[in-house]
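Shared between the two complexes below is subunit A, which pairs with subunit B and subunit C, respectively.
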Partner chain A sequence: MKVSRRDMLMLLGGGAVGTIFSPIPWKLLRDSSVWTQNWPWIPVPKRGAAATAASACPLCPSACGVRVRTIGGRPVMVAGLPDAPGQRGALCAAGSGVHQLPWHPDRVRTPLRRVGGGSPGFEPASLEDAVGAIAAAIRETQGTVAILDGRPGRVLGGAYREFLSGRADTCVLVPPSAVRASMPVLRKLHTRDPGPLAVDLDVVDTIVGFSAPLLDGWGQPGLVQQRMHEGRLRLFQFEAVQSRTALMADRWIPITPGTERAVALGLARMLIRSGRVSPAFGYADFKAFVAAYEPWTPRRVFEVAGVDEATLTEVADALAPTGRVVAIGGGDPAGGPLPFEDEASIQVLNLLLGAMGQAVKAQRPLADDPADAASDRVATRDLCDVPDGSVGVLIADLAMAGATVPWPILARKMAPQGLLVSLTPVLADLALHAQWVIPTAPAFTAAHDCPGHPDLPRSLRLARGFTPAGDEVVDPVDLLNRLGTALGIERQATVADALDDMMALRLRALHRAGDGTVFVAGKDPVAMAEIDSPEDVLSMLRAGGCWRTALAAAASAEEPAVEAGDDQTETAPPRPAMPFALEQVAAKDSGGLVNGFQMYLIVGGGVERTAGVARSPILSKVDQESGLRPFANVARVNPATVASHGLRPNRRWRVSTPQGAITMRIEPDPTVPPGAILAGAEPQGALPWNAGNPVDLAAPDGKTWRLLPASITEA
Partner chain B sequence: MSGPKETPQGASRYGMVIDLDRCNGCGACMVACAVENNVAPAPQRANDRNGITLLRVFPMRNGRDYPESRQVFVPMTCQQCDAPPCESVCPQHAVEFDWTTGIVAQIPVRCLGCRYCMVACPYHARAFNWWDPEWPEGMESTLNPDISTRSRGVAEKCNFCHHRRQVARERAAHEGREVREDEYQPACVEACPVGAIVFGDLNDPDSAVAKVYEAPDAFAFLDKLGTKPKIRYRSRQEWVHAMARQGVPEKEVTRG
Partner chain C sequence: MSTASTRGTRRSPLARHLGTLMFLAGLIGALAFGWIVFPPLMYSSTEQPIQFNHKIHMGEAGMACADCHPFRDDGTFAGLPTTAQCAECHEEPIGDSPLEKAFIDEYVRKGREVEWLVYSRQPMNAYFSHVAHVTVGKLTCEECHGDHGATETIPPYQVNRISGYSRAVGGAATAGRALLPTEVMRMDTCSDCHEKHGRRSPCLECHK
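Entry: the complex of A and B
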């Protein structure tokens, strides 16, 4: 048979058509898709024995209990610890990625020394060189030697004060948010110091929030929201922006940015005039007190804050002096605290409403706590209160602070030739401005003690180390010992050579005091007095337990929180009921705009935007891709303002404050008040999305940066 | 198209109800989802259009201006449709409706990367791997061994953390009992700090999710399309229901 050319073409054509209808092409497609998905550079998850461990999240003062899933001892997942007291299984987005922080791309692996001038260039150095240079600077400086303790309440605070107590002109500095939280300010309103105060959330049935980040970093956000949903807690929130807290509040009352004080004063006046003041409230000169509030009429409050009389009356009517109402300010963890005058005005409401002794209780002091070591010898001060140019050497420990410190404010406090040393696991934020960077242990690589929020009952958890920290990590206590040796300073009271030892000492002190209760998830609470030994306490805390102090019973019953005039005896000299001059606050109007800056920049971001050390790469990714919490390169502006200012969202705009400018794009957002720019804080680091930090637009002489005069021009 | 009519007797039908009046937009669910499913940190070029975010929380606003503006946060992920449009368009059978669970499964190794499924999904709930996954050095040790990593060139989506069901089933089988409801919960449900997400077997009338699935204030997004999603949302605010009938909130973008 002769095969023609036509036959050949038919055979080939038929074969091609037949192949199309056969499984072969599909098999090839499938196999090729499989073959092209297996490459040596794609990581394969390691296997190992699965286990679950309880620990604590050290990233912020909420100090939430966490349940850690481990594979072969390596943490692979973190979730909230169910049944944990004051938390109810809640964990924020930052905490959900805490186990990734040991591999943060900006992790510091060796001591670094700054080289060159302005640009942040560093070179590796030895710890001996670092100790030598820091000791020399301490020896030679004419200024104050200070340590910035970002997270007061840790045992490290005691070690810091002990070290500083060996030298004159020293102090411990703390971020403004730590000392201008609600309860520390309320404490200052008393003639006789009632000791540390705490909000007893189990008692509170109504919260009046003044831009308080109740669901974004204040105390126990999970507890607050769950109590709200159970109908056991009402929340009235006065706030300019519809924040997440405002969104969830029973009533959000929008106010003009920066006018919390005016609202608080107006509300106080209304309570006084309507007689809804607690009988327990006393004041040396009540007439003068009332007179101070008299100018804050509803009309004036409306003019200043934009809250009409009907709304203010509605809120005032809902507040009864039952002692179960508490007013909270605080401010955003990233955006900074309220000014002291604002917070004080808010806290007066707690006095008027009789919160003392009920919703707010005094805490028993703990004797011999290593965390309080040398507190009588070394002063603790708000960073903003230190004279400009006075700090000769500053060792900054903001690693697990949960609070922001703007560089312009810190820079202003430094002496011209001052030395800044940063103790940090991550080269970001203030570390970028330091002369020396000392690597410390990131979260989940070493044990950390985790004290709770300054507004809540004193508590303590222990965060465990799951991953080896690495030889390069420096124990801050060891660094202080080396510095002490170089300077000839002998540390005294606690005499511990390492952080672990100091924590053991603290547990001994807690056990000795026998105060409070230890809660372990899934088990009955155990009174400290019933625990046999400090070692047992340690094992309970290592198992994810939480120690919480016992709150003193009704402080006002034992000792009047605010002395009434008739309480003063002849032997005691007459004194004002409050050391803080309320009259001056009442007379002071809220600040206006600065010439040339016709808008407000509101800085926020919550606890997740306080420091680079708190941001896992996966959290940065989620923010980058979701836009849920935009980075600092996005300015959220009210659509009406966008239209009136001709701000085209597709162009780049320069947001300026008197301190500087950063470039952003505009995103219309109707939850932002007209005339305002809302921007999230952005911890600076080497990552590509770090474009600029609105926090660094703060005024160097300012005491807060939550609201800055601003303008927008095309970039 | 597959659907519940083909579901074998005794099978499960997993679903979810998300209370929008409870969600405060904290984003913990997004982080937990990414961690659980071995999603890599983003390359510099990644954005809201091309990044891998299997669960994304959108703000949805009532369209009014300050101070009458109101918003809810909408966790948007694969809606696990009973009539999934992504399944029928896949030339590779990389999308499969699992009759025993009701879960719309995505099988990455079969995926060709044509992205037809992404076009077909009216919820923009699918993502495409534009880049090979990369983790900072050492961070691979935190990967979840129950989930394989995916390479560049494949689509992916939420599968209700199906691997957690496998683990729960194995444990229950080992102990000779049925899987308890709380044993199988996706990572987002576990992470939600306010308990806004309820998950479980819709075929079990005693399950928590079945009790709220048909609640008067429950609704599905884009119900009119007939995709029959097994994720429903709740809100007492009427404007939320009205917006849900219109489409996916805020960002009408197609990823990829």
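Entry: the complex of A and C
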């Protein structure tokens, strides 16, 4: 019997069918997929004793309390601290991955010097070389020497100012997100400075949010959510996009992108005309004030912002001048803050509604706080307010900023031959543009003080150093000491020589003041006045405790005395007189979009980046798969716009802005308003997931970047 | 005409069905190889450092699981006993078993810990809490570990050659069920049990 080729093929066919119905292909496929998730170069934490410790998340000013699970002393899991005041267990996705940042692929482990011309890169250098080059630049520059402090309020800020006080023409710069938060702007509306202000969420029963991420990234999203759940807080959210905050608000009122100002002015006019203005509202020339708001009729608000009169009236009717209503602007950590005029328009509502002294309270400044060292000698300024081309040497510390600072805004401030030094644990974003990169400690490798959000009661937590930072990490204070020695600057000795000592000084000042309360999870709150020593305070904070100042119970003695013509003393900083900038509001809103760009590009926290700090890549995967956040290279567009503009989702489209263009894929999204494009902010870096953002994230005014004029054409 | 006649007379029934037979041979051969020969090839086996008889301890000695695998005072699960814990009873040999003598000579007297190869140790991307299941959920040890407590010997530790996972947690996972009694800690097992007890099982509950 002869076996033919056909018979052999039948044998093979039978074998193939049998193989399909055997474990062979499926088992190989499954095990191979597991293998691809366990690459040999992925660090595996060593085994050891399991323990749990409390700490603070150092990533942003929310400074959430976190419960850290450690194996052999190394953090392996981070979750919210259930008993933490103001947070109640809530923790964002970025915070959940904070323990992974020391293993970030772009981690900097040695000082880096920029080399090359056409294709710039970095080469390792010694700290001595870095100090020598920076000191030489400071000595020779004709421009301003500045330090960009991404997280004002740390003791490190005091050290920065003390260093700069040894030289003329210096200043500390702070990111716009810090100076344009709601309370700092409200403070500026007073002719006499009432001091630091804070929202007292415990007494607030209604919040009017103007695109503020109150349930997503603002200071105390956990508390806001819980109070809403308990029925003790109502949230009206005016926002162009159906964000996560808008989605969960009691009422989301969609507005035309960039018209928060118009809505606030329209609401203010309604309150004035209906007589629902707090008696505490102390504007001297009330007639002039009323006249300034008169043009903001419901019809005009509808034309500008798309909010009809019935809706506006409904919200206005819900706002009684009881003092328990507060308006909050703020901004997206990645998309940038509102323009100052918008935020100020919103804060006028707080004055009208009598929030001062009740929903908003003054805080006692802390005497002898090393964080405030040399503040009388070195000015603190909004980065956007510095003249273009004026900064000769800039040392940028944005590792804990929690908000973006786009490179184009920084670039225009630098002098032509200016030197940029980046203090960062990760080579990404602004560090890619620096001449020198100095490695600093990543999260959870060194202790940090974590001051709270500028809109909330002053608070302090400590982020612990769980694992050694390594010899390659440079303590910023050590860098300043070396620079001071090289420049012959005499220290003022108001701050100590190292971060640990500075924190001890701060706790001593806190204990001496006896103000506020220390909250430790699982224990009763303890008044600072009842704590025996600063060392006890330190141990409580190290155990995950949170110190929070006591807010005044009654109305502030320094009522707002907002007077248009009030004389300013020579020493007092100038205060914007109200009605400030209404002319600008009218001019901008009547002009519409500029230069033929007929759409808006709304930039927000995206899959790749939610704030100015490096993000654990694995969390990008979570956001990517959940679809909660937008991609940088995907334009989310309303289906109506897709239809009206003939935008086919399966093609590549070119999204142009006045500063540049990017090729994007279109994705229909009904939560985006018609005529707008929503895209996520993208970090700049060397790895595939940070391919570089070709869109110049800065509006033409150089002060905002959350909303850019845009147009779409086929790529 | 002649050709057709020749074909009809020369081919036997076997020859006529040879193609079908070859197909069946290939099918059966592949199935046998895939289901019988292939699975063991996927795993490398390593013997435990020493043998252990659970049956004697649970039976004659009258011990319970928690006597050697207790919860700590803070509620966390201690896992495997240390040599010092074994030495509380086995400072000197009980009986004349050569294995026990070897254990005492090599580990108890030298103060060494036994480097057990743990069948049920979850991979790094999975988090499991004994407290949640035993203390709160009131599950018995047998519900997850089967009759491990009644065994007279402990089986070799098997590791998947590709994924690197223990067979007990990676399992065969081919036909949707475990092929060996020790394959009891797979994700399918967890999700099935959660579903059976009406417990929610979001991804991040275990993959933190």
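General remarks:
The rule is simple: the second predicted complex is superposed on the first by the 606 of 715 C-alpha atoms of A that agree within 3 Å, B and C clash if a C-alpha of one lies under 4 Å from a C-alpha of the other, contacts with A are read in each partner's own complex, and residues count from 1 in each chain.
FYI, contacts are C-beta pairs under 8 Å (C-beta built on N, C-alpha and C of every residue); 3 or more make two chains touch, one makes a residue touch a chain.
The structure presented is a predicted model; accordingly, all values stated were derived computationally and were not measured.
Once the two complexes are laid over each other on the shared chain, residue contacts for A:Pro387 go to neither subunit B nor subunit C.
When the two structures are aligned on the shared chain, A:Val3 is found in touch with subunit C, with no touch to subunit B.
In the overlay built on the shared chain, the residue A:Gly121 is in contact with neither subunit B nor subunit C. By the touch criterion defined above, A:Pro295 reaches neither subunit B nor subunit C. With both structures placed on the common chain, the touch criterion links A:Phe21 to subunit C but leaves subunit B unconnected. Of the two partner chains placed around the shared chain by superposition, subunit B and subunit C are both touched by A:Met77. Comparing subunit C and subunit B on the residues of subunit A they touch gives the larger count to B.
Judged by the touch definition given at the top, the superposed model places A:Arg30 against both subunit B and subunit C. Once the two complexes are overlaid on the shared chain, A:Val44 sits against subunit B and subunit C alike. Once both structures are placed on chain A, subunit A residues 30, 34, 37-38, 44-45, 77, 79 are touched by subunit B and, in the other complex, by subunit C. On subunit A, the positions that touch subunit B within their shared complex are 29-30, 33-34, 36-39, 41-48, 71, 74-80, 89-93, 95-97, 99-100, 102-105, 215-216, 221-222, 225-226, 229, 242, 244-245, 247-248, 254, 467, 616-629, 638-640, 670-674, 688-689.
For subunit B in complex with subunit A, the residues that touch the partner chain are 22, 24-28, 30-32, 34-36, 38-42, 44, 46-48, 51-53, 56-59, 61, 64-67, 69-73, 91-92, 108-113, 132-133, 135-145, 147-151, 153-154, 187, 190-191, 193-195, 251. Residue ranges of subunit C in contact with subunit A, taken from their complex: 12, 14-15, 18-20, 22-31, 33-35, 38-39, 42, 76, 123-125, 127, 160, 162-165, 170, 172-175, 208. Against subunit C, the residues of subunit A that register as touching in their complex are 1, 3-4, 6-8, 10-19, 21-24, 26-28, 30-32, 34-35, 37-38, 44-45, 50, 77, 79.
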